[in-house]
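Shared chain: chain A. Partners: chain B in the first complex, chain C in the second.
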Partner chain A sequence: MSETQLSHGQRKIILVGNPNVGKSVLFNSLTGAYTTVSNYPGTSVEVSRGHCDIDGERYEVLDTPGMYALLPITEEERVARTILLEEDPRVVVHVLAARNIERMLPMTLQLIEAGLPVLLVVNILDEAESVGMSIDIPLLQEKLGIPVVGAALGRRRGLAEIRAAIAAFDPLLRARFAYAADLERDIARVAMLLHGDYRLDRRALALLLLQKDEEIHQRVLTVEEERREAIDNVVKDIVFERRVDLHLRISLERKRVCKGLLDGVVSQRQGQGPTLGERLSNWTMNPWTGVPLLLAVLYFGLYQFVGGFGAGTIVDLFEGRLFEEIINPWVVDLGARYLPWNWLYELLVGEYGIFTLGVRYAVAIVLPIVGTFFIAFSVIEDTGYFPRLAMLVDRLFKRIGLNGRAVIPLVLGFGCDTMATIVTRTLETVRERIIATILLALAIPCSAQLGVILGLLSEVPGSLLVWSLTLAVIFLFIGFLSARMVPGEQPMFYMEIPPLRMPQPRNVLVKTLTRMQWYFLEIFPLFILASVMLWAGKMTGALDWLVKAMSPAMLALGLPTEVSAAFIFGFFRRDFGAAGLYDLQSAGLLNPVQLTVAAVTLTLFVPCVAQFLVMFKERGGKVAAGIFVFVTLLAFSVGWGLNRLLLFTGVLS
Partner chain B sequence: MNLSEKAEDILEALWIATEEEGDNSAHLSTLGVGPDDEALRELDRLAYIDIKGERVYLRQEGWGEARMTVRRHRLAERLLMDVLDLKGTTGDERACEFEHLLRLGVDTKLCTLLNHPATCPHGKPIPPGECCEEARRHGETGVVALTELKAGGTGEIAYLSTTDPKKMQKLMSMGVLPGNTLQLSRTYPTFIFKVGHSEFAVDQELAREIFVRKG
Partner chain C sequence: MKCGFCGREIPADHVQQSCGLCKGGCRKIHCPYCGHENPATPAYLRRLAEKKEANSQTHQEDDHS
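Let's turn to the complex of A and B:
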């Protein structure tokens, strides 16, 4: 048997459930693979696949995006359901949060009703126990008629039982639940007419048809050739009869069934005061205490840890000690001795050499900064703080055409704008995605750039203040403007607020490593590419030409012409540009006003190549090109204006 | 006795000018009528108003009727905008036509149906009618939008009034279902509530579409 046939015949395990119930944790523990474990609803947009061996049998494991119901609303839910429909699973593992069993169990019903082989995992039992809930798992299993396992996967409780339950799974086990007689009659009227061969149970199909599920409707139309019209007529008839409350009726019926199932299974101990976590949670959501807390998080998490420790201590150690003093002289010396051709010498260890520029910047400057940022971001994400931040800023964000949800991509942008642009996918409307993309491209400096600029400007009193104020004004002004200019529907904000949790070192580690891995795979080659292009530019003289061509623009901004080299670097990597300024500043070529104007313009200026490519992919050519032109024009106009203003008012000079 | 529609409009404008804008009378131009307007004379005959020169005064005799016309107009606005979903200028224009149909107890029925609203969609107060006083005396809590509930309050979810079926589905799958108990913990900067053991944040627009029976 060949390799491909083997993998084709492999048994599949599909993990499904609401967002934020520990699906990804289960996936990681089963497969041992690295995927992002996220607290934020909707972050696992992509489907992760992995393998695991149980009792000598090899399974393929699929982690689906979070879904709330079998009837999909969002793109992610559609993806998740398509997987259920197409993949022919051996076991569907439905993971739910014990604390919320009452509201998540209806989805278990829907999966069972659809005829899928369901194994239920009641996860995060520890949290439920801490709020005084206890759940009788064996009784629930007996009532449901499918295998049920209790777990606290964050603490690695219940993993062995889940593996055992998968190994012992009996696909012939089927349970059945009945709705009210009138609803059952209507379901039967439709189901009777379905004769084709579907993966899903006819009863579930009938219910989806009645709920106007377009995808299922199309499927049924193609399968049932002659009966099409009859089916459509019956469906329309029932939908009209139940026009007042069909969706509600179905939801309420499911709730009734679940109430019966949970009767005697869940017991609640009363009379506990608010826990410390709940009190802290309230503080984060009250603007009076929440804003100071936010500032504290920003100060310690971003300024001290990323700016101070990452961009200061570690960069000094790597860049100042390791590369400048030890590695670079040795490598350059080595090149001078063994590389007879000048072009090769320049390519590898020259001014813009692959090693001396590309590797040095990537490893010594960017890696420590981005790494510390991702650690801070993952810790904050794992506590569940972001949804609270989202509700806090929702009102402000509405003004700039976004809603609170957009706080995640925007904050992530301070780490890496390219990654953040990809994450704008999680925003619900096209309009929000475009506005967020503009703001990321324009006014959010990434951590690498931020680190260098903070270091650069902190030496000149006042210039950091001017820089931050200018950026804040531009951010709000452009947001405000695009909220009025970009067409589309107004955003609507609703999200679940998960309990505040102590960050789990394992989760934080996995998340940070996944992001670092992504960053290195995607970005490192670009560093090399950038230094090759700069090298080629230098050798052919194109660089000098470009620098000259940009000189008038520099003069208009009141900057020395040398700065245009920094801007051209900045085109390849945002942080190259900032680091280029750093070199100029060290050489004493810039006065405070020039430094500030250059820093502002550079921050606003065109995103790095990687971000531009991602913008192209995510938003399409027309929008991306438009944003590119707009951002470039705006950056230089603001730089020009700021220079005039600073000279006129005499601030900083 | 029925006033003409024009006369009702004059009374309404006069009431707003004197009761809400702090004037003691209204100029003819504010009311949009000439000095020898038919409707104006109609009101004068009933001794509802006094006309002195170019200014019109609301008399004690006309006060009750004027208040009721304002009430009918604002109830009509609530009906059109909240229930029939006619917003913007169309809604305003229709409300002006609609209010004249709300006489002879129709306003009372409508007010009860809308659960005795206190303000119009533009935020102006609706003068309470007898039915409102009656409901207050009986301590009827009725069904209110989440925005009317105070922080710390609880209630049973009565219904969701959203017009978007997707949003409705989303809310229902999050457990925001009629019959479930809702605990509101915060109304600013967004609405935070608990259903069961789950906590949710929704903005004002969505909170306006969740209706609860106060507990």
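Let's turn to the complex of A and C:
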């Protein structure tokens, strides 16, 4: 007999919840050893099925993939929701983690408003209690209007109560929670047009339609043949009217309802207020404390660790001692002895040789900097600081046509601007994508470029301050200008904030090594390629011609003509250009004003080839070419103006 | 694996998929929830990472420091 036939007619228990809340522990405790795991039909997502007997009644138990909300984003969530829609459950057991009840309860609300027969299991109570957190389960049950069981399933606590609650479950129990009047009015406008027979409550369907759930939209269109046009029109009207804040409103309303539900339910033992982590988390998002904390992160993480330790100490050791004193003389000597052809000598160990330039830049200058940057980035990432930064800068970013969501591509831009330009596609509107692309191309230096520049400028008092202020002003000014010139909507930003954590050394190690491997596999070959192209340019005379062609621009910036080479390098890769600047500074060719002007212009100067190609692909030829021309002109104009200003005021002279 | 930005669990089959943007094989995983670019753990580090994930599952959602 097939599994389907076996399960036919049996009552079903469906376990749902976020990943890692103990659903599988409950599944195993209920079903025992005899379970099957198979792909859900038409998908590659595995679903576990088993059976259990409760009070003489046989149930089929389904363990669904983790889901965060009823509105699915991943294939797993889609399958979990399909199970809820198709399997006709007797009981839906929503398992959540007690310590994160505030974050997870909105999904309980969604399940209830969908009209599903929900039993809530507040799991891992023991851990919550160990930190002084107390949850009044009977009060929560009373407020929610559904059965609620407290449990610590890892210790088998609460299992008997769950079984009893399933046996006594009353499917007629229905609770209802109201949102703000204007939102309710819009929900009702859609819901009243839905007359078909659905598994989900009409109110929940209306909310999913308003949130542009394509699967639900198709289901509704199939059922509501005569009213499909009317439904579509009403949904379109409401979505258009609320285009700026619909998702935000729904999320905030759910948060508000949950806050009310948890009022008096969750309490902290006396003398055990918020933990240090919770207090620190709040400080990072409050502008008064968040900005100083951000400056501290930048100072210690970037300036001291990447700029001082990476670009200073380690580069001095690798470049100054290892390569300049030991490896390079040996390799050049070897080349002079065994390479009879000048072109081969130049290609391998000449001025732009693969070894003397490509390998040296990649290994001795850039690798220590990106290595230290990756360590700092992974530590900060592992603490959960970035989403807090997004909340902190949200208000400021709104002024430049973006919102907190843009923190993702902009922060990633400090790693690699090319990849960050791809990530701009996660921003909601075309307007935001264009503004973020401009800012990435203009004012966000990649990790290696940033590290080299920090290392170079930190040796000249005042220079780093001028560079930082100039870039900050340009970033804000161009962002502010773009926000006024680029047409389009500005959506609101809202995200669930994950808990702040101590960075785990193992996480940091894995992430850093993974990123370092990426650097070696994908970036190192580009350095070699760039040195080959520069060698070809030198041999054919094209490089000399380019350097001469750029000389007037260099003179206008008050820079020696040799700096042209760094700009040409910079077009191959930003960090390659910065390494070129490092060489010029090491050779004593630049005074403090020239160094600062060169660093500012090079940072603002056109993005590297790879970033330009991605801009072309993501934003189209016209926009990419426009950004290219704009950024180039602006970089040189700012460099020219800064040179004049510094010479006129005597700052840094 | 957990997303380094939003902290949500990235489904296993998503981890194995490449978005197809990078030629020559993708070494990054974009979180389906927030779009953050997470580094794909190479094979030689997988055992270390799996140990890490096993530990984090033992502690479940014990994230507060």
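One rule holds for everything that comes next: the second predicted complex is superposed on the first by the 380 of 653 C-alpha atoms of A that agree within 3 Å, B and C clash if a C-alpha of one lies under 4 Å from a C-alpha of the other, contacts with A are read in each partner's own complex, and residues count from 1 in each chain.
Going forward, a residue touches a chain if its C-beta (ideal position, glycine included) is under 8 Å from a C-beta of that chain, and two chains touch if they have at least 3 such contacts.
Here the structure is a predicted model, which is why all the values come from computation and not from measurement.
> Just to be sure I read the superposition right, which of the two partners does A:I73 touch: chain B = first, chain C = second, or both, or neither?
Touch partners of A:I73: chain B and chain C.
> Of chain B and chain C, which one touches more residues of chain A?
C
> Which partner chains sit in contact with A:P387 here, chain B, chain C, both or neither? Use first/second/both/neither.
both
> On the A-aligned overlay, A:G277 touches which partner chain: chain B = first, chain C = second, or both, or neither?
second
> Tell me the contact category for A:R99 with respect to chain B and chain C: first, second, both or neither.
Touch partners of A:R99: chain B and chain C.
> So, A:P287: does it touch chain B (first), chain C (second), both, or neither?
In the superposition, A:P287 touches chain B alone.
> Examine A:T603 and indicate which partner it touches, taking first as chain B and second as chain C; both and neither are also allowed.
Neither partner.
> Once chain A of both complexes is superposed, is A:S29 in touch with chain B (first), chain C (second), both, or neither?
neither
> On the A-aligned overlay, A:S447 touches which partner chain: chain B = first, chain C = second, or both, or neither?
Neither partner.
> Return first, second, both or neither, reflecting whether A:S251 touches chain B, chain C, both chains, or no partner chain.
first
> Which residues form the common part of the chain A surface touched by chain B and by chain C?
In the superposed arrangement, which is not itself an observed complex, chain A uses residues 68, 73, 99-100, 131, 387, 495-496, 498-499 for both chain B and chain C.
> Across the complex, what residues on chain A touch chain C?
18-22, 44-45, 65-66, 68, 73-76, 97, 99-100, 124, 127, 131, 275-278, 280, 381-382, 384, 386-387, 405, 408, 412, 419, 422-423, 425-426, 495-496, 498-502, 504, 506-507, 509-511, 513-515, 517-518, 521-522
> Which chain B residues qualify as touching chain A in the complex?
Against chain A, the touching part of chain B is residues 165-175, 177-179, 185-186, 188-190, 192, 195-203, 205-206.
> Quick check: in the complex, which residue numbers of chain A touch chain B?
68-69, 71, 73, 99-100, 102-103, 106-107, 128, 131, 133, 247-248, 251-252, 255, 282, 285-287, 387, 390-395, 398, 403-404, 490, 492-499
> Under the touch definition given earlier, write down the residues of chain C that touch chain A in their complex.
Listed in rising order, the residues of chain C that touch chain A are 4-9, 11, 13-14, 21-22, 24, 27-28, 30, 32-37, 39-42, 45, 48-49, 51-52, 55-57, 60-65.
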